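Mind having a look at this structure? Questions to follow.
Each chain carries a letter (A, B, C and D) given by its place in the written order, and its residues are counted from 1.
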Amino acid sequence: MTKPTATLLISCPDQRGLVAKIANFIYSNGGNIIHADQHTDFEAGLFLTRIEWLLEGFNLPRDFIGTAFNAIAQPLGAKWELHFSDTVPRLAIWVSHQDHCLFDLIWRQRAKEFNAEIPLIISNHPHLQGIAEQFGIEYLHIPITKDNKLEQEVKQLEILRDYKIDLVVLAKYMQIVSADFINKFPQIINIHHSFLPAFIGANPYHRAFERGVKIIGATAHYATADLDAGPIIEQDVVRVSHRDEVDDLIRKGKDLERVVLARAVRLHLQNRVLVYKNRTVVFE
Amino acid sequence: MTKPTATLLISCPDQRGLVAKIANFIYSNGGNIIHADQHTDFEAGLFLTRIEWLLEGFNLPRDFIGTAFNAIAQPLGAKWELHFSDTVPRLAIWVSHQDHCLFDLIWRQRAKEFNAEIPLIISNHPHLQGIAEQFGIEYLHIPITKDNKLEQEVKQLEILRDYKIDLVVLAKYMQIVSADFINKFPQIINIHHSFLPAFIGANPYHRAFERGVKIIGATAHYATADLDAGPIIEQDVVRVSHRDEVDDLIRKGKDLERVVLARAVRLHLQNRVLVYKNRTVVFE
Amino acid sequence: MTKPTATLLISCPDQRGLVAKIANFIYSNGGNIIHADQHTDFEAGLFLTRIEWLLEGFNLPRDFIGTAFNAIAQPLGAKWELHFSDTVPRLAIWVSHQDHCLFDLIWRQRAKEFNAEIPLIISNHPHLQGIAEQFGIEYLHIPITKDNKLEQEVKQLEILRDYKIDLVVLAKYMQIVSADFINKFPQIINIHHSFLPAFIGANPYHRAFERGVKIIGATAHYATADLDAGPIIEQDVVRVSHRDEVDDLIRKGKDLERVVLARAVRLHLQNRVLVYKNRTVVFE
Amino acid sequence: MTKPTATLLISCPDQRGLVAKIANFIYSNGGNIIHADQHTDFEAGLFLTRIEWLLEGFNLPRDFIGTAFNAIAQPLGAKWELHFSDTVPRLAIWVSHQDHCLFDLIWRQRAKEFNAEIPLIISNHPHLQGIAEQFGIEYLHIPITKDNKLEQEVKQLEILRDYKIDLVVLAKYMQIVSADFINKFPQIINIHHSFLPAFIGANPYHRAFERGVKIIGATAHYATADLDAGPIIEQDVVRVSHRDEVDDLIRKGKDLERVVLARAVRLHLQNRVLVYKNRTVVFE
């Protein structure tokens, strides 16, 4: 779809008539729905939906859509987000030593696999500056130590505001981001190099090797206060065997990390991910 | 859901307001939608949807729902099917020599993994009669030769009518069912022991071995006039290597055949499969 | 191979000349090697190998092969097992409520997918007696409570001895087998309904659902003193999504449990699994 | 292993004593085998093996190993290749429009995921020259038309000789390489964007979409005179659904193409692939 669209992501206490009410809101205002998907969690009594419609022919001005929808949403007790497809989100990619996810995301963005700008790379190490220069992206080296961490996080938050960043992608960024930081800037996707919830924390490949698993995985999730415990967006796995030493697990794992992180970022940028109860609904 | 539901499967030329109109039909009649999924094929200009709602509280009597919906469907040019969850479909399982799919389907039906009766097994061989007896299912041995085939098909059609069969499952039934038969009884799911469209026809495992593939598959599809060419409902694969001889491919393949056929049958019985342009939309 | 073979499974401190020495042992005695596979764990300094050769033409009588090989093995510091393909192992399948793995293993044994006898089913519940009768297998109902457990385990050990059982398969047997039991009867394969080491212990599907994983798995492993911590023989996974409620995870998981347990049992029965450092080498 | 090794890849009519004879050749010359794997195709009567040993302590000079081994190989009727791990193979990567495989291979080579030099990129289009410059690799634009093809192939063969190229990687190179070329330069790995043998030739994603497959794949194979019919080295798949339009299949397919081609190239460079009867044995 090259024509601009609007997308509503809604979560709402389940009740009769929701599908009709929301569809009517769009239809009665001249909108043409091009994608709609919903899910009801009966146990939680929650209705979740994603609706995308063409703005062409929609008779509410953009600035007013939110207000107008809220008139319906409020009585329903609904929480909602409104996005426009021609708003280009701005990503900051955070890295440490490894470059595979960074390279992969930059390549995909250039190939227009997802719609976003990458104005900024932040790293606690200087090593990957060359890649940033190669692709004309700003690179800020912000070293982290036990003592300066909180202070550096304050600085990082300011930078994110200055650069008007919408999403932080931790692309094998190996420092733990504090709960306070995440509280202030919640839009963070992390790639963890294991099949969560197995092997939380450091050295998952070494621990996977020790455990003698026959399958390794990678998990992309929203960062939360608890390490590697946030809502999972996407996971994938690959088979391994006794022939794979730790270095082989790391090597095979990198292929997973790249593709899993990229899928998650793309799904998020397309406003296809709804979070509730520490889980995600992914409207593919 | 243990409460009875109604399901509409609709395919319709794409136009504005479809989601709203269909949702309204249900809502305005007191229905509570518990599952809704849709897909628009923009190129084909086709809108497809599955909507399921609780009959409890729905103020149209069952016998009238179709007529009432048709009043909306006709102006839209929509084709539709209406199903009720408490109508128990009747399956006829057709077999030849191999019993793995038969056993698997019977087990799942007993385990209530899908909602159907299995009143009948048809086979062109006598061998599997014992299994039928073990489970108290009628077994009809209808041998097929080049000369008697059409005549036996007439007999088979009568039997399907007498037993009020809703779905024929070709569970490694190794005779080709004629185009004429399929025309008269189109509800047929077949399991083909390859990853279609590779290795259509006989001996796919031998041919897969010759080709030296590193992955084998199985495909469940609706039978059509063209052999192994009907709309694919479900496929799955497993890795193989040079260590696998043909017998190993056959053995590993059986595990795939069982689970792929079972998934397809279950999806069909839950009215989650819509066919158009020789493809399926599966509303999982 | 229908001709009888002998198989040596050897683990040995790595040193020069091992492949040659072992191959020579067989060759110089007239043996024809039909399968050989090896693995060196350089870090652990351990060499592991599986060699299978035709007994036809081998000039050492069966009773003497072990002694003859030991003459080579001892100086090498090697541990080894010798198996003959025409020795039919005897399995005891232990169950509780669920029957899917039991049915699956019985079917495969009848279909000669693996070479073993199943003379005995043990259960802490009476429910599955009917299946045992259906297939003419002895069924012993041995109920377990907190108070009688150790005593019942003594009884179980006696029974395993009386029935000359070679392998116990815990096929969704839901009681924890004590460390003492495992010490006395170590040949036990268990199927755990998660992708270990995630979700050790009870209710893994419920916990997987809570965690919002996008993939679930099943793991077959040798039982050890630590719950669900023994050497992993085989694992496999299937994708799930927000549309899957706990019952769906359980249902999809059963398909994995069946095939993963069956693969592990078959590999073990073919003497293809070597254990070291709580990991397995699987010589497929 | 950072210490240099030698690798023998051998295929030989099956006969008694092969494992012993070959292992003895290495052992008796002071070699320490670090990896050995074998496979017997009983039907074809063929024995295939890969043996890798440390050159340190091996008492035959490199130049003589081949001759010495041939003394054993010839009476056995064996075909064999000898490789040294410190010989760095030289790759030429051929491209057309798409850059994803090219980028991926260059990244992996820089990351030392495989041991090779990439001195040359050849393309029938000028577009990807920038990438070559970015990474300091020679780029030769050799346009192909119906009329100049054979003449350009002569030129290409000369270039491959001048650059001392050991392996040509067709990385989404969209011209068909003639049988004559392949005859003169057989070391060619191609990535085909389907799960062979499905969708041979052009536009496999469009045809996969038409067929309504639920899984797409990519296949890396040695190029032979018959299009997309050469021995398969590696394949992999990903699930798709009705929600995926052709562009989505292409996008998802690219991820497969990258990783499948990379695995195949790495396996080949490590001398782990033996070809016979249009199939490969991959000694992982």
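FYI, contacts are C-beta pairs under 8 Å (C-beta built on N, C-alpha and C of every residue); 3 or more make two chains touch, one makes a residue touch a chain.
These figures come from a predicted structure and were not determined experimentally.
Enquirer: Identify the chains in contact with chain C as well as chain D, in label order.
Expert: A, B
Enquirer: Quick check: more C-beta contact pairs in A-B or A-C?
Expert: Between the two chain pairs, A-C has more contacting C-beta pairs.
Enquirer: Compute the distance, rounded to whole Å, between the mean C-alpha positions of chain A and chain B.
Expert: 37
Enquirer: Averaged over CA atoms, how far is the centre of chain A from the centre of chain C? Could you give it in whole Å?
Expert: The computed centroid separation for chain A versus chain C comes out at 41 Å.
Enquirer: Please output the residue numbers of chain D that touch at least 2 other chains, ranges allowed.
Expert: Only 241, 243 qualify.
Enquirer: Quick one: label the inter-chain contact graph as line, ring, star, complete or other.
Expert: complete
Enquirer: Note which residues of chain D are touching chain B in the complex, please.
Expert: Those residues of chain D that touch chain B are 39, 41, 43, 195-199, 210-215, 217, 231-237, 241-243, 245, 277-282.
Enquirer: Looking at the complex, which residues from chain B come into contact with chain A?
Expert: Residue list for chain B touching chain A: 16-21, 23-24, 26-28, 30-38, 40, 42, 239.
Enquirer: What part of chain A is in contact with chain D in the complex they form?
Expert: Answer in residue numbers: 100, 103, 107, 111, 113, 134, 241, 243, 251, 255, 259, 262, 284.
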